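First the structure, which I've put down as C-alpha cells, then a few questions once you've had a look.
Every chain is named by a letter (A, B, C and D) in the order it is written, and numbering of its residues begins at 1.
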Amino acid sequence: MKILPKLESKWRRLKKRVTRPSLVRKLDLVHESARKKAFQESCDTYKNQIENEYEIRNNLPKLSHGDREAFLSDGSFHQAVGRVLLVAEFFAMMPVKGVTGKHPSDLSFSWRNIRTCFSLLFIASSLANFGLSLFKVLNNPISFNSIKPIIFRGSVLLVLIVSLNLARQWPQLMMYWHTVEKGLPQYKTQLSKWKMGHTISMVMLLGMMLSFAEHILSMVSAINYASFCNRTADPIQNYFLRTNDEIFYVASYTTALALWGKFQNVYSTFIWNYMDMFVMIVSIGLAAKFRQLNDDLRNFKGMNMSPTYWSERRIQYRNICILCDKMDDAISLITMVSFSNNLYFICVQLLRSLNTMPSVAHAVYFYFSLIFLIGRTLAVSLYSSSVHDESRLTLRYLRCVPKESWCPEVKRFTEEVISDEVTLSGMKFFHLTRKLVLSVAGTIVTYELVLIQFHEDNDLWDCDQSYYS
Amino acid sequence: MKILPKLESKWRRLKKRVTRPSLVRKLDLVHESARKKAFQESCDTYKNQIENEYEIRNNLPKLSHGDREAFLSDGSFHQAVGRVLLVAEFFAMMPVKGVTGKHPSDLSFSWRNIRTCFSLLFIASSLANFGLSLFKVLNNPISFNSIKPIIFRGSVLLVLIVSLNLARQWPQLMMYWHTVEKGLPQYKTQLSKWKMGHTISMVMLLGMMLSFAEHILSMVSAINYASFCNRTADPIQNYFLRTNDEIFYVASYTTALALWGKFQNVYSTFIWNYMDMFVMIVSIGLAAKFRQLNDDLRNFKGMNMSPTYWSERRIQYRNICILCDKMDDAISLITMVSFSNNLYFICVQLLRSLNTMPSVAHAVYFYFSLIFLIGRTLAVSLYSSSVHDESRLTLRYLRCVPKESWCPEVKRFTEEVISDEVTLSGMKFFHLTRKLVLSVAGTIVTYELVLIQFHEDNDLWDCDQSYYS
Amino acid sequence: MKILPKLESKWRRLKKRVTRPSLVRKLDLVHESARKKAFQESCDTYKNQIENEYEIRNNLPKLSHGDREAFLSDGSFHQAVGRVLLVAEFFAMMPVKGVTGKHPSDLSFSWRNIRTCFSLLFIASSLANFGLSLFKVLNNPISFNSIKPIIFRGSVLLVLIVSLNLARQWPQLMMYWHTVEKGLPQYKTQLSKWKMGHTISMVMLLGMMLSFAEHILSMVSAINYASFCNRTADPIQNYFLRTNDEIFYVASYTTALALWGKFQNVYSTFIWNYMDMFVMIVSIGLAAKFRQLNDDLRNFKGMNMSPTYWSERRIQYRNICILCDKMDDAISLITMVSFSNNLYFICVQLLRSLNTMPSVAHAVYFYFSLIFLIGRTLAVSLYSSSVHDESRLTLRYLRCVPKESWCPEVKRFTEEVISDEVTLSGMKFFHLTRKLVLSVAGTIVTYELVLIQFHEDNDLWDCDQSYYS
Amino acid sequence: MKILPKLESKWRRLKKRVTRPSLVRKLDLVHESARKKAFQESCDTYKNQIENEYEIRNNLPKLSHGDREAFLSDGSFHQAVGRVLLVAEFFAMMPVKGVTGKHPSDLSFSWRNIRTCFSLLFIASSLANFGLSLFKVLNNPISFNSIKPIIFRGSVLLVLIVSLNLARQWPQLMMYWHTVEKGLPQYKTQLSKWKMGHTISMVMLLGMMLSFAEHILSMVSAINYASFCNRTADPIQNYFLRTNDEIFYVASYTTALALWGKFQNVYSTFIWNYMDMFVMIVSIGLAAKFRQLNDDLRNFKGMNMSPTYWSERRIQYRNICILCDKMDDAISLITMVSFSNNLYFICVQLLRSLNTMPSVAHAVYFYFSLIFLIGRTLAVSLYSSSVHDESRLTLRYLRCVPKESWCPEVKRFTEEVISDEVTLSGMKFFHLTRKLVLSVAGTIVTYELVLIQFHEDNDLWDCDQSYYS
C-alpha cells in the first residue's frame, strides 16, 4: 500500500505534463536556469510597467487638467477630421450635420438639410459647366492636351457626386470607427492622442495654403496672358473671357456669367485639391490606428504574454482591417479619380514644360504648379502606402515572441498579418503600396517619352487655346 | 482503499483533459465568465436561427405554392443556362440535346443529331468564308488594320470548333456541376434561387439587344457608305459588294452568293458577341456557387461551430474549386480568343477614331460600336474576375472564427483559401483578376500611342478598303 | 481489489486516447457511423488495390517477356537520353563516354578521350570563325540587324563551352538522377515506363527533321540568291562567297576554306537548334519524374493513408526538387542563351518580314524558318514550364486528403509544395513558367513595334549584306 | 498485489508516451528498425563531428600561432570594413573616428573632429560647384544629355550629406553588428574568418584601380579633345577650360580656380564610384553573415537536432534580418542614388555610343568607361541580390529536417524564412533581387530604343558641349 501515495504524487506530475505542454512548452534543459531567470525578470519588468502605466493613466487627467484647452483631443478620428469636413462643407462637399460634435452619434445626414441643398445646387451648376466644356471640346480637334478641361471638370463632378453618397454613409462609418477605437489599447500619453489630429490639421493647412498660392499665381499669369492676347479693351473682361472660355463660347459676355464662371473655377480648384487631401487624411487616420496597436505591441516586445493578450490584439488588428476595408469601399472611387487625374495632369504638364514660356509670370506659375502637382501626387502615394507599411510592421513584433509564449493564437495572428493585404485601393484595380509609386513614376516617364514624339512647340500656348486648367 | 475512489474521480477529470484540449482550448481565466455567457448566447442564437430556418424551409413551399409558375427556378446552373444554350444552338453552336430539360442527366451529344449536322455545315461554310478572306488579305499589303477580317473570321471559326468540342463534354460537366450543387448548403429563399438565373438572362438579353442594335447601325452605315462609293447602279448590290468584298474579290456578283455572305455575316457577328457572353455567363455561375457558400458562412459568422461544420464547408469549397478548374479547362481557349480579340479590336477601333468620319451615320455607328466594344470587354473582365473575388471573400468569414472553435479543420480551410488561386484563365497564360483589367487598360493605351505613330489619315476610310468588320 | 481490473481496462482505453489523438483525430459524432463505413470501404479498396498492384507487378515481367525488345525501357532518364547525347557527340557536344550504357555508373569523362579532343578542336574552329565574323561586323556600320552573325556564332561558341563543362558534371548528375529514380514509386505498367523515352525521342526526331528541312530550304534560297547577285561565273563559288562572307572578307576563295565554312555552318546550325531541344528534353525528364510521383498520389487520392506514406512521398518530392535545382544549376546558362537567342531572332525575322521578298524561294524559306523559330520557342517555353505545372499538380492530391488522415506530415508536404517555386530558370534571372510565355510574347510585340520605326525597306536584302544566318 | 508492479511499469511507459509524442513523434512501425539504426548513426556522426570541432577549435590557435600576422582577421565586419572606411575618410566621406580600431566600441563621431570639418568643408565646396553647374545648364537648352553634369554633381552632393549622417549612426550600427556576430555560430576555420574581409578588400581594390584607370583615360581623352578644339594657346589652360567649363562659364581663367576644379573633379569621381562600392561591401557583409549561419545549418543537415538548436538558429536568423533592416534604413538612400545614377548614365552612354568618335583616344576611353559602368552596375546588382539569395538558402536546410525532429520551432523558423523578404532596397520602392536585374536590363533596352528616336549625330561631341562627365 505504500506505493499508492507515490502513485498519487506521480499523478500530480503527470497531470501537469498532460495539460501544460500544448500551452507553454517546457524550457529546454540546457538553457533552463538562464532562461528562467530572464523569464522572471521580464515578468517583473512587465509587472512594473503595468503598474507604471496604471499610475500614469490615473495621474494624467490631473496633470493635464490645467492646460485642458491645449490638449482637448481624445485621439479619435472623428474629432481629428471635424474641421477638415467643416471646410469641405463650406465648399459644397460632404453635407453631414454635426461634424464638429463631440461624439460620432451626433452625426446625421438629411436630404432637407441646408448643406445638402447647397451641395445639390453646386452639383447642378457644375453639371452645366461640364456640359459647356464638353460642347467646346467636341467642337474642336481632340488631342491629349485639349481634353484637359473635360477631365478636370468631369473628375470634379464625379467627386462631388461620390462625396454626396459618402456623406450618407459617413455617420455609420464614424460609428464603426468609434467602436474600433474604443476597443484598441489606450494611448499612454496626451501627446500621442494629439498627434494624429495635429498631422491631419497640418496636411490640410499646408495643402490649402499651397492650393491658394497656386490659384493666385494662376490668376496673375492669366491676367498677364489675357492682356497679351487682348480681345476687348476691358482687361477684367479679357481675363474672364480667357479663364471661362467654355462659357463665352456659347454665350456673350455678361458680368453675372463671368462671376458664376469665377465662382465655379475657385470651387472646382478647391475640390480638385481636396480629393487628394481627403485620401491622405483617411490614410493618416488608418495608419494611426495600426500604429496605436503597434505601439502597444512594441511595449511588450519579446516578453512572455498570455494567449489572451495575443487573442485580443489579433481581434483588434482584425477590426482595423475591417475598418480599412469599409473605408476603402467608401472612398476607393475618389482614390481612383485622384490617382488617374494626377497621372494625366503630370503627363500634360511635363509635355507643356517642353514649350518656351510666353512670360516670366507664366514660367513661375507653371513651375510652381508642376512641382506642387508632383509633390502632391507623391504625398498622396506615400501617405496612402503608409497604411500598408504600418499594417506589415506588426509582423516585426510577432517575430520576437519568445518560444515559451508561442501559442496557436500568436501563430494565427502571424499568419493573418502575412496573408492579408491591407491597403487602400483604386476600385481594387490597384493597391496603394510603395511599389506602386515606382511603377507610376515609370509609367509617367514612358508616357512622357512617347508624348514628346507628337510635340510641336507652337500649338500649346496660343491665344485660341483653352487656358484655365 | 479510500484513495481509490478519489483516484477514480481524478481519472475522469484527467480523461477529459487529455481528450479535450486539442479540440477546444479552454477559455482564458480572465474573460471566462464573460465569454461563457457570450458563448451561451451565441449558442442560443444559433439554435433559434436553426429552428427558424427549419420553419422557413418547411413553410416556404406552402407559401410559394400559389405563384409557383413565377418561381420555377431550383437555383441550378443547368436550368439557368438552358435558354442561353438554346439561343446558341439556333446560331449553330453547342449542339447539345436536352438543354432545357429539368435534369442534367437528360443532356446528350450525338454526331448524328440534327443540331450537330447544322453546326458542322456552318463550320464548313465559315471555313470557306475564312479562306476567301485570307486570300483577299494576302493579295494586298498587310498592316495592323488590314488583317482585321482574318482575325474576325478566324476567331469565329476557332470558337465554333471549340464549342463543338465543348458540346461533347457538356453533359458530363453539367452532371458534375449538379453533384457540386447538391452538396452545397441550401438556398434559404426562393429569391436567392432565382437570382443567378435572372442575372444570366439579363446579361444575355442585354448583350443580344446591343449586338442587334450594333448590327442595324452597321447596316445603315454600310448602305450609306455603299451609295457613296457606288460601283454599280443597284444600291442593294453595292451594299453586298461592300460588306462581302472577300467573296466578290474572286467571284462575280450573284444573289445567292450575296445572301450566303449576309447569312455568314449575321451569324459570325452573333458568335463573335456570344463568346464574350458565354465567358460572362460561366463566370456568373461559378461566382454564384461561391456566393452560396459564403452566404452560409456569413450566417454563422463569429459563432462557435463544430469542426464537422468547417470540414463540410472546406470540402464544399474544394468541390467548387475543382468545378472551377474543370470549367476553366473546358472554356479557357474561348476565354483567350475572347480577350485577345477584344484587345485587338479596341486597338484598331481607337486607331480608326483618329480619322474624320465620312458621314454622320458612320460617326454614330462608329462611336456606338466602340463604346459597346469597350463596355463588353470591361463587363467580361469584371464578371470573370468576380469568380476570384468571391472565392477570396470566404477568407473574411474564416478570419472571424472565435478562438474557442479554432481547430485544425478551420486552419486547413484558411490555408487552402489563401494559397489557391481560383480563377478562370486564358490557357493558364493569364488569370482573370481585377489586376488584369488594369494591365489590359495599360497595354491598350501603350499600343495605341505606338500605333498613332503610323497613322495616316486617308488610308482607312477609302473605298477600296475592306469595310465590314 | 475488484476495481483494479476495471482500472486496468480503463488503462487500456486511456492509453489509446493518449497516444492516438495527435495522429488520427476522432470522427465527429454526427457522421461517425456513416464515415466509419466509408473508411472501412476505402481501406478495403486500398487493400484490394495494393493486392492487385502486387499481382500486376509480379505478372508484368512474364507478360511482357515476349516483346521485350519493343519494351526495353526501364523508365530511367539516363536510358531515355542516351541516343540524344549520342547525336550531340556526333556534333562535337557533350563528350561523355558510355551514354548508351545500361547504368549511369558506366558514364565517364576524360580529357584524353577522342570525343573530348574532337569537341576541343571544334571549339577552336568555331572561335576562329567567330573572330572572322566579329571582324567583319565591326568593320561595317552596326545595327540591330547586322549583329546577327555575331549573336549566332557567339551563342554557339558559348553553348559549346558550357556543354563541355556540363559533360564533366554529367556522370555525377546522372548518378544522382539514378538515385532519385530508384527512390520514386515504381511505374505500374511497361507503357508508362516507355512513355518519357518515347516523348524525348519524338521531340529530338521532329526537331532534327525540321532543322534539316530548314537547312535545305536555306541552301536552295541561298543558291537562288547567289545566282541573282553573282560575283563570279562559278555558281558554287558564288554560293560559298555568299554563305561564308565572313571568311572571304579577309581571305581569297579556296575550296578548302569554303568546305570548312560549310562544315562550320552545318554544325553551328545543328548546335543552335540542339540547345533548344536539350532544354526541352531535360524539362521532359524532370516533368516526367514529378508525374511519376503524382500518378502514385492520384492512385491513393482521397484515401486514408498512413503518415509514413506521406513522409515518403514528401521526401521523394524533395529529392526531385533538389534534382531540379541541380539540373538548373548545370544548364541554366544554356537556358538563358536559348531564350535570349530566340527572342532576338524572332524580332529580327519579324522585322525582315516587312520587306518584300526577292523571290518565291526566299519567301518559302523565310516563312518556313520564321514559323519554325516561333514554334520552337513556344515548344521550349511550354515544355520547360511544364516542370513547374507538374510540380504544382501535387497540391491537387494533397487538397483531397480526408480529414481523418490529415497529419503533420501532410501539412508539411502541403506547405512545401505551396512555398517552393520549382522551375528551370535562366541564371535565376527569370523562371520558366507559363506566365513568362505571355510576357515574352508581349515583349516581342513591343520591340517589334519599336523596331518598325527604323525600318527602311531596301537595306536588308541587298547583295552586300551578310546573308546566311 | 502483483499487478501493481506491472501497473507501475505501465506507468513508466505511459509517461513516456504522454510526454514525448508532442516533441518527438514515434517512428513509424514499418521502417522503425532501419530508421533507428540510421538515427543512431547520425547521432554518432554528430558526436564525432562535435568532438572533431572541439579539437579543431582547440588546436587552431596553436597551429595558426606562427603566421598570426597573415591571419589577423576575427571575421567581424567592423574589422573587414576598416580600411575601406579609411579610404573614404581620405576622400571626405564617413568622418568616423576609430575605424581601424580592434573593437567597434572605439568608434565615435564628433562634430569637432578634423575629419568632420574636412567633410563639411568639402560639402560646401561641392555645393558651390553644383551651383555653378546648375547655373550653366539652366542657361542652355535642356535635354536628356545636357543635364548629365547636374545629375552627376547632385548625386555626389546628396551622397556626401547622407554619408555624413550615416557617420553619426555608424558607431551604434557597428555595435549592433558586433552583438549579432557574437551570437552567431563560430567560424570553424581561420580561412572562413578571413574570407569576407578578403572579398571586401578585393572589391575595393579592383574598384579603385578601375576607377583610377578610367580617370587617367578620361584625362588623356580630354587633353586630346582640348587640343582639338583649342580656345587658347596654352594646352593646360585648354584642358581645364574644357573639363571645368561650369566654373569658367562665370569666371575668367585663374590657376587657383583650375586646381580647385580639378580637385573637385577627382574627388567627385571617387565618391561617385565609392557609393556603388559601399553598397556592394555592405551587401557582402550581410550575405556573409547569412552564409555563416547557413554553413552551420549545412553541417547538421538532415540530422536530428534538438528544438533548442533550432530555436537558437531562428533567433540568430532573426537578428541578421533585423541587422539587414537597420543597414537598409541607413543606406537605402545611397542605394537608390546609386541605382538611378547607373540607370541614367548607362542610357546616356549608350545613346552617345551611336555617334562616331572624334579620335581613337576617345573611342578607347568611351568603350572602357561604358564597359566599366555596365560591369559595375551588374556587380552592384548581383552582390546586393546575393543578400536575398543567401537568406533564402536557409530554406534548403530546413526542408531536409527529418520528420522525427520536426517540431514547432522548425515550423516557425521555416514560416519566417518563407514569408520574410530580406533584401536591401532603394527606399523600399524597389527590392534588390535577381529579378530586378532583368527588369533593369529590360528598362535600359526600352529607354534606349526610345532615346535613339531623338538621336541626331552631330550635337553630342561638339566643342561647345560640357565635356567632363
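In the analysis below, contacts are C-beta pairs under 8 Å (C-beta built on N, C-alpha and C of every residue); 3 or more make two chains touch, one makes a residue touch a chain.
Keep in mind it's a predicted model, so treat the numbers as computed, not measured.
Engineer: Name, by label, each chain that touches both members of the pair subunit A and subunit D.
Structural biologist: none
Engineer: So, comparing C-alpha centroids, which chain is the farthest one from subunit C?
Structural biologist: A
Engineer: Validating interface symmetry: for the copies subunit B and subunit C, is the fraction of residue numbers used by both over half? Same or different.
Structural biologist: Both copies touch with mostly different residues.
Engineer: Quick check: how many Å separate the C-alpha centres of subunit B and subunit D?
Structural biologist: The computed centroid separation for subunit B versus subunit D comes out at 50 Å.
Engineer: Can you give the whole-Å distance between the Cα centres of subunit A and subunit B?
Structural biologist: 35
Engineer: For subunit C, jot down the residues that touch at least 2 other chains.
Structural biologist: Correct list: 14, 18, 22, 415, 446, 450, 453.
Engineer: Which of line, ring, star, complete and other names the graph you get from chains that touch?
Structural biologist: Ring.
Engineer: What are all the chain pairs that meet the touch criterion?
Structural biologist: A-B, A-D, B-C, C-D
Engineer: Can you tell me which positions in subunit B touch subunit A when the two form their complex?
Structural biologist: The touching residues are 3, 7, 10, 14, 17-18, 21-22, 25, 28, 30-31, 389, 395, 399-400, 403, 406, 411, 414-415, 418, 434-435, 437-438, 442, 446, 449-450, 452-453.
Engineer: Quick check: in the complex, which residue numbers of subunit C touch subunit D?
Structural biologist: 4, 8, 11, 14-15, 18-19, 22, 306-308, 311, 318, 321, 408-409, 412, 415-416, 419, 427-430, 443, 446-447, 450-451, 453-454
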